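Some structures are shown below for you to check.
The two complexes that follow have chain A in common; it is paired with chain B in the first and with chain C in the second.
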Partner chain A sequence: MTLWHVLPRGCPLCLSTWLLQRLWGLGLVGSLKLCSPAVRTSITSRYEMVYRSTTAQEEAALGAATAQEADAALRPLQDASLGALTMYVVPETSSLLPQGISVYVGKHRGALVRAGGSLAALRTRLRQLTQVMSFTASSIAAALSDRVPDGQLGPDARRHLKSSLGYEITFSLLNPDPKSHAVDWDIEDAVNRYVQPVLDKLSLVANFSVDSQILYYAVLGVTPRFDKESSSFLLSAHSLPHVINPVEARLGSSAASLYPVLNFLLYVPERSHSPLYIQDKDGAPVSTNAFHSPRWGGIMVYNVEAPASPQASLPLHVDVDMVRVMEVFLAQLRLLFGLSREELPPEFLLESPGSEGLAHWELDRLLWAHTVENIATVSTTLTSLAQLLDKIGNIVIKDDVASEVYRAVASAQSAMAKLATGHLHSAFQASKEAVTSSERAFFDPSLLHLLYFPDDQKFAIYIPLFLPMAVPILLSLAKIVRETRQRKKEPTKMD
Partner chain B sequence: MIFKAFSNRDDSVIGPPACPGAGRGQSRAASHLTTEPPRTAQDNGTICCRCRLSSAKTEFNKAPIRGSERGHYSPATGKAKGSGTPARCGAERPGHGGARPARAACLKLKPFNGCVDPGLRLRRELPAADALDTFVETTKLGVVISFILLKKSNSFSIFQDQAEQFFRSGHTNNWAVLVCTSRFWFNYRHVANTLSVYRSVKRLGIPDSHIVLMLADDMACNPRNPKPATVFSHKNMELNVYGDDVEVDYRSYEVTVENFLRVLTGRIPPSTPRSKRLLSDDRSNILIYMTGHGGNGFLKFQDSEEITNVELADAFEQMWQKRRYNELLFIIDTCQGASMYERFYSPNIMALASSQVGEDSLSHQPDLAIGVHLMDRYTFYVLEFLEEIHPASQTNMNDLFQVCPKSLCVSTPGHRTDLFQRDPQNVLITDFFGSVRKVEITTETVSLDSDLAGFESNLPKDELATEPLKYAEQLPVAQIIHQKPKQKDWHPPGGFILGLWALIIMVFFKTYGIKHMKHIF
Partner chain C sequence: MPRPCWARPWCDGGRQGLTLPAVSHYRLFPKALGRLVAALGVQELHLALTQGFWRTRTWGQPPLQAPAGAELWVWFQPTVMDVDKAWKELSNILSGIFCASLNFIDSTNTVTPTASFKPLGLANGTDHHLLRYAVLPREVVCTENLTPWKKLLPCGSKAGLAVLLKAERLFHSSYHSQAVHIRPICRDASCLAVSWELRQTLTVVFDTFSSGQGKKDWSLFKMFSRTLTDACPLASQSKVYVDISPKNKEKELLEVTPTPASVYEAIVQGDKRTYAVYDLLSPSLFNTSRSLNVQLKWKRPQDSSELPTPVLHAQRYVSGYGLQTGEISTLIYNTHPYRAFPVILLETVPWYLRLYVHTLTIITKGKENKPSYIHYQPAQDRRRPHLLEMLIQLPANSITKITIQFERALLKWTEYTPDPNHGFYVSSSVLSALVPSVIAMKDVDVEQSPLFTSLFPSSDGSSYFVRLYTEPLLVNLPTPDFSMPYNVICLTCTVVAVCYGSFYNLLTRTFHVEEPTRGGLAKRLANIIRKFRGVPPL
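Now for the complex of A and B:
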């Protein structure tokens, strides 16, 4: 549920009608059937909108000169709970929004909408804005992509990182030519300054750990081609997929934790291959000189300028400009998480989050998707566990497995209840707990079934064991029965 | 096909940087190789030297000073020549001298070794494009033709992109689980099979961290191995598949049905290291290769236990339920291998087997020096096929199905694709054997303030009390020594046992007379 504080300004007619109105009423509901083999999880979503007029403080804040200042001033006055959004409708003639822009989306959880045209137009604009800033049916479906029957979504659906309890981020500097370049990068400082704030903001989503390394004599798997016109070396787009593999073996990601690893590589090309540019499909050099691979990480090529005097002593000392590098790496981090800025109508203006890395409403979007994905994961895990236990009757369930299952079910139900009321934060925490418990229950090492006994094997094992033993017993039994019958027939001797 | 060739044709080469022309002189040592002479002048500078590892044990384990200075092994004499004639692979290239990993194991089957520039092979594979290229450059007619083809290819490229989009696999990473299940020296060929597939898979790009290699016995260091530290895959010992960078994850007695099923389903004890786990997700393509002795519906592990086809099918279903794979390719090289994939019922599985039910898979040829059969036929021909594949290859699965016809293999290889959603025509070999990543160009950047001096985090960080690190208790020896035997709960005997004993006692006393009974009770 998202609360919309829509504040009509300078429109007294609208005030009265809007204050009493409630639009679209849908509900976020998940139905979960654990026992039936055909599990159908249905998710519906709705927005809950509340309208009110502005308070005096908000009016003062909206009197600022630019939209950015207004946004910053409005931040403490907004409802800061996760998942809630506040939209301020400003009059058409307001100077807050630049010309031609009718919607301004801020860095936090607010937006400014210009009240132009009819109510219907405003409503459409608000609806569009909702879909940009919060979840849509397609983003929810993408979060469920591995549970959706195959064929409905393309092979490229949901290549963002899966929801996980933690992520490991590794920054690597590849220097294939230490004889020519002595590269120095102040990674610790850069991480503390630029990366850590982003990770702090994302700490709600998962635990992050960061490490870095420098690799010498690590070459890319592809030889770049020399281009005479630009007198530079070019890596074409279709050779990029082959770049990663030779390097991957040396990255040491197998020694890292069990969480998914994101690798960010900075490659300083050799002197004989400098400068090196990456070409996109059309043959134009890429401005960022970087590319990324979904669920793996990103690579950026950092060109070192040729020394002014050709007699400069090797190795050249290179100080990496960490700002440029981190701009690209943070953009790649956002893309890996799926926080890209999709196409927007031209009248929308999105404020760039700057050094914070991501806006609060983008964090909310991520949390919506992850919560839904977690709940779906829990339901399929527990269902398949139940099916497994139905099928193989002689698996022993330990007590802790049973308690994990109960806890998973309880957490999943509470997560769904909280999602239905729109409390995103607690819903996400509950869904995380549910996932942890269900994974622990499902992957418990004691649940291995090695007891496949086909009937012919049962015969083959037990008959040679018991048949020889049973023959004298059965014969004796027969003898006993015969004797008893005979004795009954014979009259008892009476002396 | 020609348009594809045209649009892919590019001068940039794929593969490790080409080695200088020093390699040309070494072809003399490769007298047993079926070497093809290079076709064009361009090839001259790009074929790598044919460094081969010396098989003498003294030289083998020596760490190389430079990646290229190895002795030559001459098959004719069987002795290792001294390292006086080093092959200078890559020695002249700047910056590649010291730490270049020794990828010098050259493969015998075709004149491909790790160093050859596969861009070269691209041109070899598409001779039409090559010819067209030279044609274009030389004649006006060629210019006209190229113009026409260019026009066509432009409009086709859009359709091609869309078609590619539809038919290609949606995987982002690749895993391989390679299992050899037999022990004992005379099952050398199974270890050689598995190691050969391992090398192909590594050559095509899957890193060790994504390969789970399970070998049930150690052939390279077996006391019966006359060439220690080597495992050869072809007679005359021309290809040592053991090499020097084999990473075996499960070895010897750790290869059991239980561990195999644990790896597949993920129910691993928490103390297992990461290299022993299959950490695949819903976008992983997994290759599972199994070899050993098998029968109708089972595969023998370590001569003491079996895995049945039902268990395997259930394990795959468990993997599917938890979405631990996107697509799975299952290859099995045992006798009656087709029975192992009969019971699969999970989607997105493609299976290949070396023989049908009732047939035996045969081994290829024995080596008289080593004394055992070195490879199995099916895997031998699969390997020969895989040697032609390089990371950019577009060969599809239908070609893999044709490998090893009955005339060569004696058994009839089989395959099963009904559970697989895509058409095998559209499935690339590198979808499973290689690791071709999907990449996207990064076009966005985040704008950062460059002068963020003395930035402090907004969120409060609670200071964690850092304890001094110490080793975890590995084995609680004190506890074990002084441990009292655990009190097991006593359960009364079950119904069956009770009934059986009652029956026996009753029959005994009935037969021999009731008078004994009073002595008991």
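Now for the complex of A and C:
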């Protein structure tokens, strides 16, 4: 008799899942010397499932009219720690879930699953659900994409931003034609209203700073093609890679910090080139008129409506509709962080994250991937450091560098141990510390290999000594050879 | 109307609790500099990159002088905890932004002057511990510094006055100085809100006399090989001022074309000036012709076109012989006929010139002149330079000579520059003074006056602020023969190798007793001769 049948039928089954994951083979265990460049990375994962029946409070919450209400009511009753998921199995006949939907994923760390079919079917469905809400082999592989050889991954895998302790988000308004367009955008308000809630949620993952700028006379690198039929200008998909380069020079690097920058550009095309539309590979116009560049950011083209009368005085004042723009930029931001929603079977219903822009379980997903990536980064950094030490034998390792390396190794080990027991939050913190320590050790100015003389140069200085000394040695060697040869010949002569 | 604090030079900060705005959304202000100011707690930043030296005696009072090379002075906000760390970081970032070697600014060339540099913008107080000042006289300024400077302009070099700035013309000149000044200012007269002001200045001296076959006529096209076609659409003011001040009232010596729409008269640096003004924003300017090419023609060849000698000017030189000691002499001229005024002199001397402070003498008109304020900070080897600040009273119509002797230090062999025989630069000394005006000055409205006069606004009607820089000095230090170690290595190695070779030969050679043979050619020749002489052969 299986577990399912023991429980009274119709009672919602509550099932709490601990994701257990173990990471090994990174070569970090033990001492630094064990690191080798060709580490095999492999990951095994384990789920710990705890089944229990619902409490009275949960029962009451599940009695709500719609799934959304039930999700909201269930939130305070769930295990709030990062990485834990709670799934409620509701009876097949329940009206909580809409027709045809058997799995509902809420905004928090909970999901509703319709019981149905055999227990095995339920089990596979639960497994599928846990993978959607935590991680799959492919999402972890994407996090490690820099360490996996080319060709094994799809094009999407390299889209995600690399894990970092912080990110800088820059919104730039490009106005190549300030003579005809005086463009204004209320970016401050838009950032506070739309971007900040998402970043507040993501603040657990990294530090974020947001700024914006307006660039005048910044043009795209491609001249758009005029299309007579629609009397508009078109940018085809294959020319998009050339668009960014000339703009990039104007964007300005972030001189004050070392964090990676995410650029979001709003391009208001020149009067002579508007309206401007972006075409996809099939030649159809892109509905959002925007595209993104992996690990770099996104560009949106914002067409200004032509004035009603051609005699309208220039410059034309334009107020940017920030809702439309931010919708696109936020979608791109999610894409760049790897929060895109994958293709799911039709019976799955995902609740939209609403104004927060990010569901709790999506945050967990990000944390899983980033923790693994951080540990891999630490391993790579320390391996390269060890390689450098192998190459230069007489390099001086200062005490503070050594202590940073020890700290990095200890933090990485503790991160792996925490991951193995499923403590996502502390594992992530430990992995962040490990990254900081290892980077600090690696980029220490005393470890510059140019500070040390290569051995061949040291040898070159002593050439004036070695060369004249070598001459008599070589001559006498030649003489010895000649003499032995002669001695061999002599006995035959004697005969 | 009482002037706002910032409109006075050496503003001593009457405002308390000044909060500088933290900005993260930029419109016209360049983001790179804005982030820098915000991240490092900069209150005021002044960076100048200069090629050449402004010849005050022949060119007159400079509108805004800067010492040859790179000059950077920064006031930090009182909230900055570790000023030295912020200063180091700032110079490194600026070095990246402007492609200049500002990263060579370290404690050996940084000083904290106590009196010479006061905040030019709004300031809470003037605690000079928040100030850092450094000059790199070796820095060479060229195109790669101009391009990032132009990029800071909202219109770049695409529109407006900046289209004239083409590197191949600008660096073909006698003097080139580009500067960036960031300071907090009042947004309006009531001063309730504070704004950041970025002021970019460019001073170029073209020598049209030598390049134009002895003619002094010039035009925009001749100088820049370009003309002006429009104003930057973002500009609220875009004007060209041409100084057409008449030398003497009766004779009009010069003529500008096209005829200026307006003429502006002002007292700039104690001198009455007349400017022809071309407002690029006025639509009538480009009505008749599509581009503006300002031309200036002299009506008759001028024989004595000497500019009047400025009231305050200075020169400096190094004297002495040999490579052990020397003397730095500074001459400060006050040509004002009847007014005496004080001047603050700032000397920064690198540590490898060891100043003998007891030899400091200040002589005016044959008599010793006692400075009313002296601040001296001795150098520490490889740590910090000498800093000497003095407040000296200059009597009317006088020359003041300041001399100080020094000894040249021996450097470690790694401390020499790649071209040590070129010499070592000593940065310009700085003169700051409130110079009494010869003509009475009116209280001018700051809003109305042209931008180039408003960085150092005049304090009252009788004097104006001047900051002058003297020549940088080039001092030879005792320089070792850098090839010597290698020569020694070569010589000793050869000697050792030769000894080794002979010993080796001696030890490894086998000796045979050789049978006498018929002998060589010499022996046979000798025997033939002996035969002739009748002597028995060998």
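As a convention for this text, the second predicted complex is superposed on the first by the 388 of 495 C-alpha atoms of A that agree within 3 Å, B and C clash if a C-alpha of one lies under 4 Å from a C-alpha of the other, contacts with A are read in each partner's own complex, and residues count from 1 in each chain.
Keep this in mind: a residue touches a chain if its C-beta (ideal position, glycine included) is under 8 Å from a C-beta of that chain, and two chains touch if they have at least 3 such contacts.
As the structure is a computational prediction, the values presented were derived from the model and not from experiment.
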item: Contacts of A:Lys179 with chain B and chain C, given as first, second, both or neither; value: both
item: Touched partner set for A:Pro464, first chain B, second chain C, both or neither; value: second
item: Contacts of A:Tyr216 with chain B and chain C, given as first, second, both or neither; value: both
item: First, second, both or neither for A:Pro315, with chain B first and chain C second; value: second
item: Which of chain B and chain C A:Thr381 touches, first, second, both or neither; value: first
item: Which of chain B and chain C A:Lys107 touches, first, second, both or neither; value: neither
item: Greater chain A contact set [chain C / chain B]; value: B
item: Partner chain in contact with A:His160 - chain B first, chain C second, else both or neither; value: neither
item: Partner chain in contact with A:Thr170 - chain B first, chain C second, else both or neither; value: second
item: Which superposed partner A:Ile187 touches (first chain B, second chain C, both, neither); value: second
item: Overlapping contact positions on chain A, where the chain C interface meets the chain B interface; value: 178-179, 216-217, 253-256, 473, 476
item: Contact footprint of chain A on chain B as seen in their complex; value: 8, 10-18, 94-96, 98-100, 117, 119, 165-166, 168-170, 172-173, 205-209, 257-258, 261-262, 265-269, 274-275, 277, 279, 281-283, 308, 310-311, 314, 318, 321-323, 347-348, 391-392, 421, 435-450, 452, 455, 457-459, 503-504, 507, 510-511
item: Complex interface listing, chain A residues touching chain C; value: 170, 178-179, 187-188, 191, 209-214, 216-217, 250, 252-257, 315, 461-462, 464-465, 467-469, 471-473, 476
item: In the complex, chain C residues that touch chain A; value: 24-28, 30-32, 34-36, 38-40, 93, 96-97, 151, 154-156, 158-159, 233-234, 486, 489-490, 493-494, 496-498, 500-501, 504-505, 508
item: Interfacial residue positions of chain A with respect to chain B in the complex; value: 146, 150-151, 154-157, 159, 162, 176-180, 192-194, 196-197, 200, 203, 216-217, 219, 221-225, 234-246, 248-249, 253-256, 258, 270-272, 278, 280, 286-288, 290-296, 298, 300, 323, 326-328, 330-332, 334-335, 340-341, 352-355, 357, 380-381, 384, 387-388, 391, 442-450, 452, 454, 473, 476-477, 479-480
